[in-house]
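Here come two complexes built around chain A, the first alongside chain B, the second alongside chain C.
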Partner chain A sequence: MFFNSIQYILFLPAVVILFYLTPLRFRWLLLLAASYYFYMCWKPEFIVVIVVSTLINYSSALLMSGTSVQKRKKLIMISTLVINLGLLVIFKYLGFIAEMFQTIFQSDHPSRISPALLLIAPIGISYYTLQSLSYIIDVYYGRRDAEKHPGIFALYVAFFPLILSGPIERSTHLLPQLREKERQKLHSVNIEEGIKLIIFGYFLKLVIADRTSIYVDAVFGNLPRHGGITFMAAIVLYSFQIYTDFAGYSAIAIGSARLMGFDVYQNFNRPYFSSSIREFWTRWHMSLSSWLRDYLFNPLAFSFMRIFRKERYLKIISPEFLTYAFAAFITFFICGIWHGARLTFMIWGSLHGIYLIIERAIDRKTGKRLLNIFITYIMVLFTWIFFRSDNVHDAFLIIRTIFTHPGKLYIPFDSDVVAPVYAVLGIVILLLIEIKREFFDLKFSLTKNRNEYVRMITYGLLIFLILYLGVFDASQFMYFKF
Partner chain B sequence: MEEQAIMTGLEKVFGEVFHDSVIQLKPDTIVSDVEGWDSFSHIRLVLAVERSFKIRFTTQEIQSWANVGDLCKTILTKTR
Partner chain C sequence: MKGQLKSIVVKGIKFFVILFLIDIILGSAARFVFFTQKSGKFYRMSHAFRQADGDVFIFGSSRSSHHYHPGILDKTLAINSYNLGSQGQQILYQSTVQKILLQNRRPKLLILDISPDWLYKSQDAYDNLSELRPFWFRFPDIIGPVLSLQSKLQKIWLFSRSYQYNSTIVHILYYRIKPQGDLKGYVPLLHIMNSEDYRVQRGVDSIKFMSEQDREFDPAFETAFSDFLKTAVSKKIAVLMVCSPDIRFKMEGHNPSLQKIMEIGKSYGIPLLDFTDDPYFAAHRELFNDTRHLNDLGAKIFSRRLCDRLRPYL
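Moving on to the complex of A and B:
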């Protein structure tokens, strides 16, 4: 069951109504049952992976809090991290690792991977693994107590709005909310805000992302036929496709949780208006970037700090910079791998790591914000070429063609001609909304207007646009596969 | 070392790292309260605090800080 399916449109209101009809002390049970059912609609057998992972993390945290021996605590923490990451590697990366070994050791044989190794990764595993890891690390460092209620903890791992693609929540933020009685009372503002977010999410996904994908897929599906100008158009459209697809998903997820009073982390904050790559990563996939900062970058940086603090070896580069450079590069390389076992993702992540290091080294500050926004967007755009390409060869073909063979802009003169036009229309509407929010601190707002009729007409119009311009083929959200 | 003396020492270090000479710290000051407190300045800050107070933090100690008060407590235990 995906967010853009008819089943979800029926499932969500049913769960919300039952949620408010159920006594407070049994709500966790209702939500857990709903979450497991929601997940099992995809492949029922994979619920086993979630249940096993939940039991391991639940027990480990209790064991950690039950011991005062630091060494034992550390051993439990490390073992639990290994098990969690092991599950992720088995399901997500085993096929890739096997293929890599086969290429290295038997390069003269045709590639034959055992079908057993090509497992289908349980959907959402990358997300709920990170959510569970943060819980284990927080308990280890004493940032929170171990959760004693197995049902509440299971719900934290499997909460249906977040299980497929986040936003990646933290135990210090979401877990307490699952117990808060005041928060779970029926408030009209939560219902209104939730519905507004969901409508906006569907607009982003069905109108912009799915319309844009028609043109982008047509270009990337037949690279040799196209010239540089078409590639540039496709990459610009792709930058909006991936943004609106994931931001649309996130808005529906946050809105769904909000309907029941839960406050979930924001995932996007107009990322293409960032003045630097550093800023971009505080506005793009924020729940992942902050997770990486707290649980990967910081521990790495503090370890490197010990190595590089011996300043006598470093005459030119400061130990702080060297520490930052190593930690940032490794973090973003792993960020790339997290998206999938492909060289293109590794290059994408590495490029962002390199950008950050260069930015830190030259400390780029021109003072002209619009120019900085433009430069940052172009830099991000370049990395999307690798992210979208099926392989490195294709990515370099695109880059080469852009500089050597501009060609003509591809316009599909068949039934698909309206798709890019509708997509561009949707993007213009989105940009107008974002420009207003980014640059003009206007009190006037259509979506937050005091007059409820203005608000209703605005959202009515948005629903009309979704129904008129949207694509209703229940296509998958892109970030499910990561 | 007294808690107040540590806070005064920390304000001096923060002032140097964040180029803000009038910075005022409270035990509940967090990352978002100080302009420019990002990943890079956090590394600079930890190293500067270590140099200034002539101590060394463990990764466990650094990871357990939630605010300036936690940092102050760690320094207090290390300088006693």
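Moving on to the complex of A and C:
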């Protein structure tokens, strides 16, 4: 059941209506049942993985809070982290690791990987694993108490708007909301805001992401046929495709949760208007970047700082800079791996790590904001080449072609000629909205107008824009596969 | 709680009324713009469904629309023909269009340009049926069941007038700004395939051909193909299957879908003209736009050569 399927459009209102009809004390049960049903719509057997993961994390947290012996607490925490990451590695990376070893040791027998190693990763495992890890770490450090209600905890892990691709929630933020009775009362403002977010999410997904994908897929599906200009156009379109696909998904997820009164983390904040890569990561996939900052970068930086402060031979480079460089690179390398078991993702992550280190070293800001935004966008665009390419060879082929063989811009003929035009039209509308929000602090707003008819007509027109320009074949959201 | 519920219900009703009104206004405008087109793919479809009359109708995919020049057929054979070929469309579409046309017309001959992989399962074949949506309100009994093959919930969506014109507006505007000449459904391609094009496309074609080996048949496509022939035979209209020039393959090859098409055709006694092994085209790559499509010059030559072989059927 995709968010952009008719099934979800029927499922969501049914759950919301039942949610408000159910007495407050049983609502967790309804939501848990709905979440498991939603999850099982893909592959019912995957529910076993999520239930096992939930039980392990639930019991570990209780065990941790039940002991005052620090060593024991630490042992439980580490073993739980190992189990969580082990599940992730088994399902997501085992095939890749086996393949890598095979390439190193038996490169002439590429077909020997056991099919048992090429498991299909349960959808959403990368997201609910991070959510569970943060819970365990928070309980260990005493930032929150262990959740005693197994049902509420299971709902925190499997809450249907978030389970597939986030936003990655924190136990300190979402878990209390699942118990808060006042929040779960029916408020018209929640319904209105939820519907508005969902409509905007569908606009991003159906009108921009799915339209741009037609051109991007045509180009990336046939690389030898195209020249540099076409690749540049495809990469620019891809930058909007991946943004609107994921931002659209996130908006629908946040809107769906909001319909039931839950406040979920924002995931995007006009990332292509960032003046630096550092700023970009405070606006792009914010729930992941803040998770990485809190649970990976900060502990790493703390550890490195202790090491580098002791080293006397590092007089030329400050220990702070070295600490930042090591922590940033490792964090973004892991961020790349988190996206998938592919060399291209590792390069993508590493490039972002390197960008951050260089930015810190040279302070590249010129003072002109527009120029900084442009430079940052170009830098991000370059990394998308690796992110989108199927392998490193393809990525380098694209880069080489851009510089050596510009060629002609590929324009699909006849009826397909409209596909890029629709996409560009959608992008222009999005940019107008974002430019207004980013640069102009206008009091006048159609979407937040005090007159409810103006708001309704605005969103009504947005729905019709989707009906006229959208793609309606329920294609998948891209971030599902990460 | 009650106050909030009342507020939500009232707002909901207001919103639905606004949506309904916008749908009526914008949907009617879209319908008007759509049916007053003078050029482009949708114009050709609209014209064919409403007005086109003739002795010969040509059905097929993009290869049909780019290969058959009705002007040449009309002049050489003293007939009136119309090319209904449509890019990306497969047998489900052809069968539907045939039903619409034969409701009130009795041509002498139907030419069906065969694409060898028509009977294989293909999501594109279903997705491309969306181009029939704007005509649903005129032919609901014929188009409705076909669109239901895309999704059973299409019927609900089609209540929206605006949805019927999904993905058409930019297309209409594009051809208003840059109109195509009206060549009775024929769309010329002007590129001349060079050796580099040929080399690259052969590579892509061979990969595609390898992947086609394991493809399964779609029973709905087999039924649609049989229906096409059965309908024509029952109305005593002659049908001719043609494999127009294609640089990728020779027809007597090993494509199981094509073999099945030939079997079904044979069972209805439908003759087949094969131009895929025509040495004239095989030796002249400059007559092609790409490995699948003839260019304008190639199409004109093909149409003339076709005329010689069509005479016995008219």
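Assume the second predicted complex is superposed on the first by the 480 of 482 C-alpha atoms of A that agree within 3 Å, B and C clash if a C-alpha of one lies under 4 Å from a C-alpha of the other, contacts with A are read in each partner's own complex, and residues count from 1 in each chain.
Note that in this section contacts are C-beta pairs under 8 Å (C-beta built on N, C-alpha and C of every residue); 3 or more make two chains touch, one makes a residue touch a chain.
What you see is a predicted model; the values in this text were computed from it and never measured.
Student: Let's test your reading of the overlay: on chain A, do chain B and chain C clash or fit side by side?
Tutor: fit
Student: Name the contact category of A:E180: first (chain B only), second (chain C only), both, or neither.
Tutor: After superposition on chain A, A:E180 lies in contact with neither partner.
Student: On the superposed three-chain arrangement, identify whether chain B or chain C touches more chain A residues.
Tutor: C
Student: After lining up the shared chain so the two structures overlap, which partner does A:Y468 touch, if you call chain B first and chain C second: first, second, both or neither?
Tutor: second
Student: Using the superposition on chain A described above, determine whether A:N222 touches chain B (first), chain C (second), both, or neither.
Tutor: It touches chain C, and chain B stays clear.
Student: Regarding the shared-chain residue A:V421, is it in contact with chain B (first), chain C (second), both, or neither?
Tutor: The second partner, chain C, only.
Student: In the overlay, answer first, second, both or neither for which of chain B and chain C A:Y324 touches.
Tutor: Only chain B; A:Y324 stays clear of chain C.
Student: Using the superposed model, give me the angle at chain A's CA centre between the CA centres of chain B and chain C, as a multiple of 10 °.
Tutor: Computed angle, apex chain A: 160 degrees.
Student: Just checking: does A:P299 make contact with chain B only, chain C only, both, or neither of them? Give me first, second, both or neither.
Tutor: A:P299 contacts chain B only, not chain C.
Student: Based on the superposed arrangement, let me know which partner A:I6 touches: chain B (first), chain C (second), both, or neither?
Tutor: In the superposition, A:I6 touches chain C alone.
Student: Just to confirm the geometry: in the superposition, how small does the C-alpha gap between chain B and chain C get, in angstrom?
Tutor: Scanning every C-alpha pair, the shortest chain B to chain C distance is 35 Å.
Student: Could you list which residues of chain A make contact with chain B in one structure and with chain C in the other?
Tutor: Common interface on chain A, chain B vs chain C: nothing in common.
Student: Along chain A, where are the residues that touch chain C in the complex?
Tutor: Going by the criterion above, the answer is residues 6, 185-188, 191-192, 222, 224-225, 413-418, 421-422, 425, 452-453, 456-457, 459-461, 463-464, 467-473.
Student: In the complex, go through chain B and note every residue touching chain A.
Tutor: Counting only chain B, the residues touching chain A are 38-40, 42-44, 46-47, 57, 59-60, 62-64, 66.
Student: Which chain A residues qualify as touching chain B in the complex?
Tutor: So the residues of chain A touching chain B come out as 141-143, 278, 293, 297-299, 301-303, 305, 309, 319-320, 323-324, 327-328, 360.
Student: Which residues, counting only chain C, touch chain A once they are in their complex?
Tutor: 1, 4-5, 7-8, 11, 14-15, 18-19, 22-23, 26, 30, 41, 62, 87-88, 123, 127, 130-131, 151, 153, 156-157, 160, 162-163, 165-167, 169-171, 174, 187, 189, 200-201, 203-204
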